[in-house]
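Structures follow.
Heads up, the next two complexes both have chain A, just with different partners, chain B and then chain C.
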Partner chain A sequence: MTAARRRELEEIFGADRVEDTPITRRLYSQDLTALSLVDRRHSADEALPDAVVWPETVHEVSRLLRWASEGKVPVVTYGGGTSLRAATMPSTGAIVCDMKRMKRVTRMDENSMIVTAEAGILGEALQHELRLVGLTLGHFPPAFYGSTLGGFLATRSAGSLSTRYGPIEDMVISLQAVLPDGSIVKTRTAPRSATGPDFNHVFLGSQGTLGIITRASLRCRMAPATRTFAAYKFADWNDGVTAMRLMMRKGLLPAAVRYSDPPETARTFARMEDEPDGNVLVLVFEGHDRRALLEASIAAEIALSCHCTQLGEEAARHWFDHRFAEAYRRSPVLAEDGAYMEVIDTAATWSRLPTLIASLRDALAGEGRQVSLYVANASSVGASVCLTVQGHTPAGEEGKTLQAIWTAALSTIRQGGGTVSYRQGIGPWQIDALKEELGVGYDLLRDMKRQIDPNGIMNPGAFGFDRTS
Partner chain B sequence: MKPVLNQHFKSIEFCTYCPKMCRFACPVAEVTGHEADTPWGRQTLMHLVREGHMDFDADVAAAIYRCATCSLCTEYCDHNNKPYEVMLDMRAEAVKEGIEPSEVEEFRQFYSQHNNSYGDNLQARIKTLLPEIYFAKSSQVIFVPSGSHIVHNPSVIQDTFKIFEAMEIDHVSCHVGEVMDTGAHLRELGLMEQYHANAKKLSEALAGYKTIVSGSPTVVYELKVMYPKFGYELTPKIYHVSEFLWPFVRQGRLKVRRRLTQKAIYHDSCRLGRDLGVYDPPRDILREVLAEPPAEFARNREKSECCGGQGAFPWIDQDASIQIAQRRLGEVYESEKRLLVTACPMCERQFRLADEKLDVVDLVSVVARVV
Partner chain C sequence: MALSLPAPAAREVVDQLAAIVGPEQVSVAPIDRLTYARDMYTVAIIKHAEGKLEHFPHVIVWPANEDELIRVVKLAPDLGLPVIPFGAGSGVCGGTLPIHGGIMLDVKRLGRIVEINDDDLTVTAQAGINGQVLEMELNRHGYTLGHFPSSIHCSTLGGWVAARSAGQLSSKYGKIEDMLIALRWVCPDGRVYSSPIVPGRSTGPDFDQILTGSEGTLGVCTEATLRICPYPADRRFVAFTFPDVPTATEAMRMMLRNDLRPAAMRLYDALDTMLVGTSGSTEHTQGKSLGDLLQIEQIGNRVRTLAPDLFRKAQRFVAGNAQIANQLELLAKEGCMLILMFEGERELTDYEFEAAVMICERLGGTNKGPKPAIRWFENRHHVSYKMSKVYYNGAFVDTIEVATTWTRLIDLYDAVCAALKPHAFLMAHFSHAYPDGCSIYFTFVTSAADADEAATKHAFIWSLAMKAAGGVGATLSHHHGIGLSKAQYMRDEHGDMMRVYRDIKTVMDDAHRFNPGKMGL
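After this line comes the complex of A and B, so read on.
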């Protein structure tokens, strides 16, 4: 970065909140994307940002973007840096805007059960504040401990209890965001509005391409007073899927409904004594009164009508207590040269789900490779599928193997009527599939990007939008 | 340097590929928001150095000193990783290679000048605090005072002996000698040569006793855990003062005049709690002297948050260390507890620096108020 540019940034942030040391640039050049992690085992070449800045107010964000627009400097917004889809990986010469100093809870409206917080607050920190007043957001994505509210919003994430509490878009009441020209957009905090298209949804899932989300007001729930656990084992995989569908059709609202195939079951319960095996459905109901118990008993009736055996509550309790374990899984695998592990997520309607799952299993199977999956976050319409693909290749071949896995997965998802992404967002390798899924919608999205960000400064490359798109 | 990194291979690699699941627990990262200040960031730097993608230079060395070694990250690690152990070992390497931050050199000079971390003649000062009788060598139980208490809050030491007297524990003498400091900060800053010289002398001075007691978890941890690790095995049993007092309290030896009616909240120090596993004795004692049991922080016991004073971190970045303490105090203000009780001089000092108006009291001084 030139000395002049640095001085300009220092005028906005002060010298201590602008950094361009080699270690800072290096650490902010990566996120947790498997493809890039395995590539970096063999090469130190990477796109480095020019500098990192830490805004503390929305006005500083506004000044930054105005400055960047004028100078046509790319800006990448950074929360926890835990994206699995390269959402925060900067292009060369970018300025990384780390939001973690904007982490205040600015309003706790206990009466209306709405919390307003700045985008840089970590998921656990926000939940901690809510816990102190007996509330919960109910949003627990796998990397909950490491990621920020802004990351949840910009990714359009979902969590392990989203069946009951909804994914993040269901929680957002209003947003504040800064557009690339520095103007500040605020939506109204009201229970609902019929004021034309919902601008919140423009920013949700935008992966930092349209501006920077700086604050959000979110719907909260009472922290549950009761919680019940149940687990069932199905001899036939499809019987478990049917049980889930029937439960949701009846309007049951479990906090968690998670159905794992045998390899996923083995992983999930590996540390449990007397661990279950086979196809295991875990149910967690929580709430404030007898409804949780009542719903659990109705769920049991449905499950048993679908040819299963009851496993008791221990397995479900174990899963709940270790529900973030899947986020820790990759480390021991990726620590080994030649090893790879990728998480692929999709969602489909109940009519398509069984076939799609069978096709994905076939498409991703390979020698020396393990494919495991679970179905979760169900509704009356359908459910999400989360697949983990793990294996070994000769060192140096990991990236190629992962690309091949993705190609097979995306093609199968497209043919099977699933969505390209359920909760992780879109990586560069998913763009063609995204174009196909959105159709004309992709052109509209690109036009909107041009309109809002004519200089293409915001997270260039994301969604396949470069500076000239 | 490479052998040290290879020795920590698993720890470094597991952190490098982790989605930063402990980051919210890292007090330094929470106040700065900087990725380099997270356990992931520091370990990733170690990974890059180990792989040869980055030099072990002064910038990297500066980053590894920005860990308060509070060990809370480990509580949220499914793999029981201990990134702070890597940082401590690599600090020693940084010193060997002469790339340590300037603050470390300043500390080295300070320590050499005063023969302790606190900047006073501790030997002379302790003699002014207690009657001569307590320095007699005949006792089998020796109390090792905290340097921080001697300099910053000497009344805690006087309160300790007042309680011993009130409880008729008359077999404890107070340590005074050439070495009054365990040298914990030397080790934490990687100054191992001075640390060894210091540890050798102090361990020899304390060798003849049957029991060692201290009001400082840092002292207890150093003598009980770190000295043996570095070859200075001490035969005496070593206790924090709360562990030492509790059996006597349980026997009814503490005659409470009138229980304190102030509302109190108890803060677990990292060293006393996570590192030494002492959670209940301070609480048990407080229940005997308070009208109402002490309140708890939402994150308490194993999950207790750091005060910012650990790991010699105030020597590296005092502003950040105080911000860490202020962050912890947020909950005290919200709970309207008037008395913040801790059993660690480091925590006590940090909280006082963070808010001089707050009533921060050592456990021992709370007890002294009722005897």
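After this line comes the complex of A and C, so read on.
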């Protein structure tokens, strides 16, 4: 970065909140994307940002974007950096805008159960503030400890308890964002509205391409008074899927409903004594005492009518207590030359789900490779499928192998009526499949991006929206 | 009344349209142009009655299917005419008024149910299907959509999506945008947008939610996929009276906060309770409505027996003298009526019912048993039709539905009451409640000598209401939409976000061909 440019940024942020040291630029040049992690074992080529800045107010964000628009400088918005889809991978010459200093809870409306917080707050910190007043957001994505509210919003994330609490877009009441030209816009805090399009949805899922989300107001719920656990083992895989569907049809809203196949069961419960095996359905109900117990007993009836055996509640408790450990178990695997691991998520309606899962298993099976999966985030319409593919190849082949896995997965998902991304966002290698899934919708998103961001400064490359593409 | 309309579409325009949809499905007949010149917007109704409507469509077309519809849309630029998507014309904000003339694109012939999926609990239907027809067909298969706007007999699925409609059971089933899984949509340039039918996705911004609520400004809905529910196995009714609005809204808030999801949850303020006849303590009140009250011969016996003097005054002044009419509130000895209905699976309904009764009683509610709630349920679609009687007396009526968080709700109620009561007879109910807030549905009645005076007075009352509601941070519409009548308030509602709307409009309809002059664009 030129000295002149650095001075301009220092004028906005002060000298201590602009950094362009090599180590900082490197640290911010990657997230948790498997493809890039394995690539870096063998290649020193990497796109580095020019600098990292840490705004503390919406006005600083506004000044940054105005400056960037004028100079046509790319800006990459950065939260926790936990993306698995290269959402924050900067292009060369970009300024990374790390939002984590904008982390205040600005309003706690206990009466209406609405919390307003700045986008850089970590999921766990926000939840902590809520628990102090007897509320919960109910949003527990796997990266709960390391990801930010802004990241949740920008990728439309869903947590492990989304059946009860909904995905993040259902929680958002209003938000504040800065457009690429620096203007500050916001939506109104009302329970529902009929005043035109829902402009929250312009920014939700936009992955930093339309501006920077700086603040949001979210619906919360009462912290649960009670929690019940249950686990069931199904001899036939499809019986468990049917049980989930019937529970949703009955109007039950378990906090968690998670159904794992044998290899996923083995991974999930590896550290448990007397660990269960086979196809295991974990159910967690929470909320008011009577209601939770009532729903759990109706769920038990449904499960047992679908040919299963009842396991103790210990398995469900174990999953619940260790559910955030999953994300951390990846690191040893990834440290080793030749090892690879990828998480692929999709979702489909109930009528398509069994066939889609069977085809994904077929398509991804391979020598020296383990494919495991679970079904979760159930609603009356369908559920998500989360696959983990893990294996070894000769050193240097990892990237090629991962590419092949993705190619097979995406074409199977497209054929089977699944979505190319349930909750992780879209990486560069998913763009062709995204275009297929959205059709004209993709063109509309691209045109909207070009209109709102005519200089193309916001996270260039994301979704393949560049002018050159 | 002799009809003197501006020139219709030229013969060659009609011929080109007829070549697409067939000669029977294009009309420039004066009666059709008059019929399509208004919706249920109060000012338009009055102007219509006095023969003072100013704007008429050039032509009306009824395409049979999406293909024909697309061809009409693609032809429109060559014809140089605006396009106004039209469902059943039950909107109350002038959203379909052809203020620049144009082609009325009536989608009612796209009225087919495409699929009811038993496994996925979804229905896919074409946009022109009538609401009641859709619900009845779902009932026949053992399902409900759970969407019951009071216009259900005269509104379409496409209209619901276009205006973000809410039904009477929204506390349990949500508004139409909450039920939406996927859309098919013809863009202003004729391209077909179609979103995937999946239970959730992280594939960029959800354009469905940008198109929903766009009220014809971004194109036209041709098909939607919505979630459905098994038809409720059980229904439980109960009603409570509370001494005042704040106590009653507190009970509503506590129920929702505690995860109860009554299908219906309707609170009437003191005046609404007395006049709409939900009280149930006397049989004379059954089925009474605001319209009845203003029909002198049919006026409610209850008011007559309670206060003969004031009643006579009310007869004379109710429509003309708001301050006297609002004094009726002093008679409202029963306080506010809260109606509750629970439906769904038996065991869950029983639990919710008992928990709700406990909360209401703890907060000082008086249990009135199931009757008032059952009576409401049985007559729930009548109110819209009874409204029309009001107009026979030279009076006019309109409704204002605003919404805010629980914390600001009473401020909103007080602010709008204070602003409007000097100028109109005013009552309110609270009929769409959520864990985070609630809507208030104000009904105002006033009178005017003629259409011009009515339009002026109407605009004045609305401006007071919008200023009062905006002042406490409320949203200016919960489910009626914006259309023409509230277009001038879009800037107040959205501020600079209007730029984003204009950007989207530029991308999709730079020429402002679709429903021009609406939504403050």
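Quick note on the criterion: the second predicted complex is superposed on the first by the 466 of 469 C-alpha atoms of A that agree within 3 Å, B and C clash if a C-alpha of one lies under 4 Å from a C-alpha of the other, contacts with A are read in each partner's own complex, and residues count from 1 in each chain.
Going forward, a residue touches a chain if its C-beta (ideal position, glycine included) is under 8 Å from a C-beta of that chain, and two chains touch if they have at least 3 such contacts.
Not measured: the values here are computed from a predicted model.
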First, second, both or neither for A:Gly251, with chain B first and chain C second: second
Greater residue coverage of chain A in the superposed arrangement, chain B or chain C: C
Which superposed partner A:Val105 touches (first chain B, second chain C, both, neither): neither
Chain B versus chain C as contact partner of A:Ala404, first or second or both or neither: neither
Which of chain B and chain C A:Met272 touches, first, second, both or neither: neither
Partner chain(s) touched by A:Ala223 [first = chain B, second = chain C, both, neither]: neither
First (chain B), second (chain C), both or neither touched by A:Ile298: second
First, second, both or neither for A:Ala325, with chain B first and chain C second: first
Chain B and chain C footprints on chain A, overlapping residues: none
Sites on chain B touched by chain A in the complex: 9-10, 13-25, 30, 33-36, 40-41, 44-45, 48, 51, 53-54, 59-60, 63, 76-79, 298-299, 331, 334
Interface residues, chain A side, partner chain C - complex: 109, 111-114, 155-158, 167, 169, 173, 179, 183-207, 210, 219, 221-222, 245, 248-251, 287-288, 290-291, 294-295, 298, 347-351, 377, 379-384, 417-426, 434, 437-445, 447-448, 451-452, 463
Chain A partner contacts - residues on chain C that touch it in the complex: 117, 119-122, 163-166, 170, 175, 177, 181, 187, 191-207, 209-215, 218, 227, 229-230, 253, 257-259, 344-345, 347-348, 351, 355, 403-407, 432, 434-439, 473-482, 486, 490, 493-497, 499-501, 503-504, 506-508, 519
In the complex, chain A residues that touch chain B: 19, 21-24, 26-28, 32, 37, 41, 44, 54, 80-82, 98, 100-101, 103, 120, 122-125, 128, 131-132, 142-143, 145-147, 322, 324-325, 327-328, 330-335
